[in-house]
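In what follows, structures are represented as structure tokens.
The two complexes that follow have chain A in common; it is paired with chain B in the first and with chain C in the second.
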Partner chain A sequence: MTRRAGLLLLAPALLLLLPVFLVPLVIIAETSIRGAGSLDSGWTLAAYRQILSSRYFLTALVRTFGLGLSIATLNTVLATPLAWWLIRNPRWKLPVTALVAAPLLVNVVARLEGWQLLLSDSGPVNAVLSALLPGGQPVLFLGSTLGVAIALLHIMLPYVVLALLAAMQAIDPTVLDAADTLARPGRVFWTVALPLSLPGLASGFLLAFTLASASFVIPAVIGGGRFNTFPTLIYQDMLALNTPRAAALAMCLLAALLPLAWAVRRTRNAAP
Partner chain B sequence: MSHTGRWIGRIYVLAVAGFSVSPLLIVIVLSFGADDFVVFPPTGFSLRWYGALLRDGELARSLALSVEVAAAAAVIGLFAGVPAALALDRARLPGRGILQAIALSPLLLPEVLIGLALLQFILSTLETSPSFLTLVAAHAVLVFPFIVQFAGAALVGLNLEIEDAARTLGAHPGRLFAQVTLPAIAPSVAAGALFGFIFSFDNVAISLFLASPGATTLPVTLYERATYSNDPSLAAAAATLIYLGLGAAVLLRRFSGPAVPATVGQ
Partner chain C sequence: MTIRRRTILSRLPRDTLALMALLNARPGFAQSAPTQLSLGTYGGVFETALNTLAPKLKADTGIELVKSIGSSQIILSKLQAGGQHPPFEAVIMTAEAMLLGEQRNFLRPVTVEQVPGLARVQKRLLAPFATKGGYTTVPTHWKAIGILWRHDLVPFEIRSWLDLWRPELRNRISVQNMPTLGGALMLVSAAIVHGGSQRNLEPGWQAMRALRPNIREFYAITSNALTSLVAGDTWVSVNTLDLGLPLASRNVVATAPVEGVGYSPEGIGFPRFGGNEAAAYRFADFMLRDDVQLAWAQQAKVAPSTTVAVPPGLQQDLVETEAMLSRLFDIDFLNIALDIQKWSDRWREEVVG
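Right, the complex of A and B next:
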């Protein structure tokens, strides 16, 4: 195929992406350095200065990425033994994977409605807790870090499990057979299976980190307006018509997440 | 492994699987409740909240809009994505890696950033307000990477000798594409379009930023209700979305085999 034919074939894509995606991104970057209000006031870093000098925004920044980091870590710790168990018990691989992946195609609002029902003051989780510890106050999940973390953990889990399963499945079974004849099961996992599935583990971890930090709907619904991360603050600033600050917040989020997204792609390409 | 060790493993796997499905199960159970409020456990069985769904005009309108937007976005995504995948795979374009990264970036960037950027562009540059059209255009950008990825994967796996044979027999590039290449990649492209459709149908953040009085999608309507109230009709609506999602999962397995491609984005 000639280069000219190739460019011609790219034309419809450019016609779509240029006005609906690329130009708006440039404009929002420009908005973030524009003085609030007037067009002729020139460029300024006022919005960035406001964000980086405010305790409120810095706390939200730490919360956003602290949450992403803890969710990714917890999910990796939860998913690794599960994936390894499924590799060792192949009979159960399909049904268990189906159960873990089932929520993936269900609308996120429906999944969050489930967590709202489960975690409400009079919901089943609190009913069980009060049966175990009679006389205690109901645990306040909704509107708290704990509730947001549980819901995020649930929504990111399938990605991490699937990434790990793919990596572990790609290990040559004869290698595992050889290891099994030489060492105890625990040692096979730690010295053979885990090192060989590190690319998948990294891919799942980074994906969960990126998606959890950039998530808007989960902290907005479960946090009930009392749990602010960068994405929810961007939405609030947008509603308050403080577009330069919303744009600056979005640029900060992008600057932090872009290296992660790039790393996700690299681990994807490196994975067998 | 020891007897106890085996049982610990089983219980652990059961617990994780239970954690995965519990929010779906609770929605389904409580959607059949007979009470006026959400009560756990429900005191009786009834279909009244599903009946309430059917009489809910706002939900019906937003459902119809969601389907229209996702279908239109999938069609635009196909027209933009299939040729782009072909060019990225076959033409030796300068900066191919960068073009590929740009093509996939709508899935990698935070949704709030894309939503905000589009809204600002519509309001301040175009000096108009969000509408059905802008919503469709935004969703087409979301569907696009799915088509490029699925069509690209099928093109890489294609046996080039068949195309060479067709060319030797005198097929022009257009005929070659329509009669040889396209039929070969069609199943994968269809799976990509289906994934894109579902991704568009499920999107909350971008639809929320671009929502307008005439253009509020179903997930946005439910999002707004979920943040303000908690009546049982919401459980029935969420349960319906769960049935749809699980149905789509079964359909996709038929379509694209056991491989679950990594969908990105929340």
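Right, the complex of A and C next:
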């Protein structure tokens, strides 16, 4: 393919990315160093100073990262055996994949209301728990880290499963057949399938990590306003018309996410 | 003339913003034909109520509304971004957003000569909007903020704000989060009932820190607070009282505490460079007509702002009465608008934790 043809193929995507991603990014960066949120005010790093010198914001950043990392790790742990089982049992692939991907088809508001009712003190989850452990107090899911984690795990799982499935499907079946003749299934998984699926695993992990770290609605609603992450703080600053600090928080979140994205990308590229 | 790359890059954000504002102010929208009026308003029941009133508005005044839906903060952000080309000719927002808009010079005052219906608005509701040269807002309705509670779950009768601090309510209360008017009113109410005032908020801060073990939810969206209340996760919600009336069959009681109630007067404002002024004033005056006030109250489930007599059939759907007007806490909405950023930071650290 000539260089010109390559550029032509890239052009539509670039034309879309420029106005919807790069220009807003520049505007956000510019807003973050603007004075009192007006076009006429001067430049200042006050918003960044405020964030970096506040224990509250730094704790919220750690909380945001902790949430992203734990959701991505737990999802990877849940999704890997599932994807492997689906590869080994192809007749179940379609129905189970459809079941896993189904939450993506449900509107986020409906999903949230559903989680609110399921996890409420008098909801079915607590009803089952109290049947199993009579006399115990209901578990307070709503307004807690546990509730936020459950809802996020459910929402992010399809992304990781689908990424892993794609990677495992790309493994040459003859390689797996050959491995099957030499070792037990568990060993085939650990020594052959998993290393060869690393690019998909890394993609799924990265996707779950970034989506969970940037998630706003679930921490805001299921967290009951008590679980502040960077996205919820950005929203609150926007409500208070403190646009420079909201923009600075967004830039800090982006800056904090980029090194991890780079590290995961390196892992993916280093895979066999 | 030499244009350097650095010059272009440094101008890009500002030029893009200006271009976006110009696009927003495209002819036919912000500068619409006299019969059209571009209105920034919040959605939900208000949008439905405006849609219901639309045929009457068009028949009586010739005005057709072109609505853009968003929260008060979003509308205010758009006015700020629009500068001299605001995307709206009239806006419906909450009191503190109106006063902040006026403070930042986004809105122009209005007089009784321009909107004669202002003479019929309750003095108590008009007072917060008095400004040099008229009023910041044409108040169209108001809402009382009090306590909604589940009589089947709370082990005593709630009559006072101070009941919220009782240990039986540990982890069972929802209050609106900052930075919203609801959150600010909670803080001010806490200050008032603990011996302080809006000018002396320290008792309020202390009381809110003490209330923390009882608060389960700092809600951003009213419907979430109501879902939690109906589900029984929370037993008490500091909320708009009228929202509790339809939930009576779900054991929810709406109580206006004995010390007084918070309130939120809302209405129509006029962007400084919005244009189409005659139509904007005609629309505001239409909204203050007796028949429209009653229809608006019925559709939007809010109390009329004027002295119109509310028939008993409608009054049973509203908590707000003429008598309640004398029991409203003294609220300085401008002070809320100016200090809410500061309060919000402190609230996060000391109350939410």
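One rule holds in what follows: the second predicted complex is superposed on the first by the 227 of 272 C-alpha atoms of A that agree within 3 Å, B and C clash if a C-alpha of one lies under 4 Å from a C-alpha of the other, contacts with A are read in each partner's own complex, and residues count from 1 in each chain.
FYI, contacts are C-beta pairs under 8 Å (C-beta built on N, C-alpha and C of every residue); 3 or more make two chains touch, one makes a residue touch a chain.
Keep in mind the model is a prediction, meaning the values are calculated, not measured.
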Partner chain(s) touched by A:236 [first = chain B, second = chain C, both, neither]: second
First (chain B), second (chain C), both or neither touched by A:116: both
Contacts of A:140 with chain B and chain C, given as first, second, both or neither: second
Chain B versus chain C as contact partner of A:56, first or second or both or neither: second
Contacts of A:226 with chain B and chain C, given as first, second, both or neither: second
More chain A residues in contact - chain B or chain C: B
First (chain B), second (chain C), both or neither touched by A:102: first
Touching partner for A:85 - first (chain B), second (chain C), both, neither: first
Residues of chain A contacting chain B in one complex and chain C in the other: 23, 27, 31, 113, 116-117, 120, 122-123, 220-221, 224-225, 235, 238, 243
Touch list for chain C against partner chain A, complex: 12-14, 16-17, 71, 73, 76-77, 80, 83, 100, 171, 174, 177-180, 216-221, 224, 227-228, 231-233, 340-341, 344, 348-349, 352-353
Residues of chain A defined as touching chain C within the complex: 23, 26-27, 29-31, 37-39, 56, 113, 116-117, 120-123, 140, 142-143, 220-221, 224-226, 228, 233, 235-236, 238-243
Parts of chain A lying in touch with chain B, wherever the complex brings them together: 1-3, 5-13, 15-17, 19-25, 27-28, 31, 78, 81-82, 85-86, 89, 92, 94, 96, 99-118, 120, 122-124, 127, 154-155, 157-159, 162-163, 185, 207, 210-211, 214-218, 220-221, 224-225, 231, 234-235, 238, 243, 246-247, 250, 253-254, 257, 261, 264-265, 268
Chain A-touching residues of chain B, taken from the complex the two chains share: 1, 9, 12-13, 16-17, 19-27, 30, 38-41, 76, 79-81, 83-84, 86-88, 90-94, 99, 101-104, 106, 108-114, 116-121, 124-125, 137-138, 140-141, 144, 148, 173, 198, 201-202, 204-205, 208-209, 219, 222-223, 226-227, 230, 234-235, 237-239, 241-242, 244-246, 248-249, 252, 258, 260, 262-266
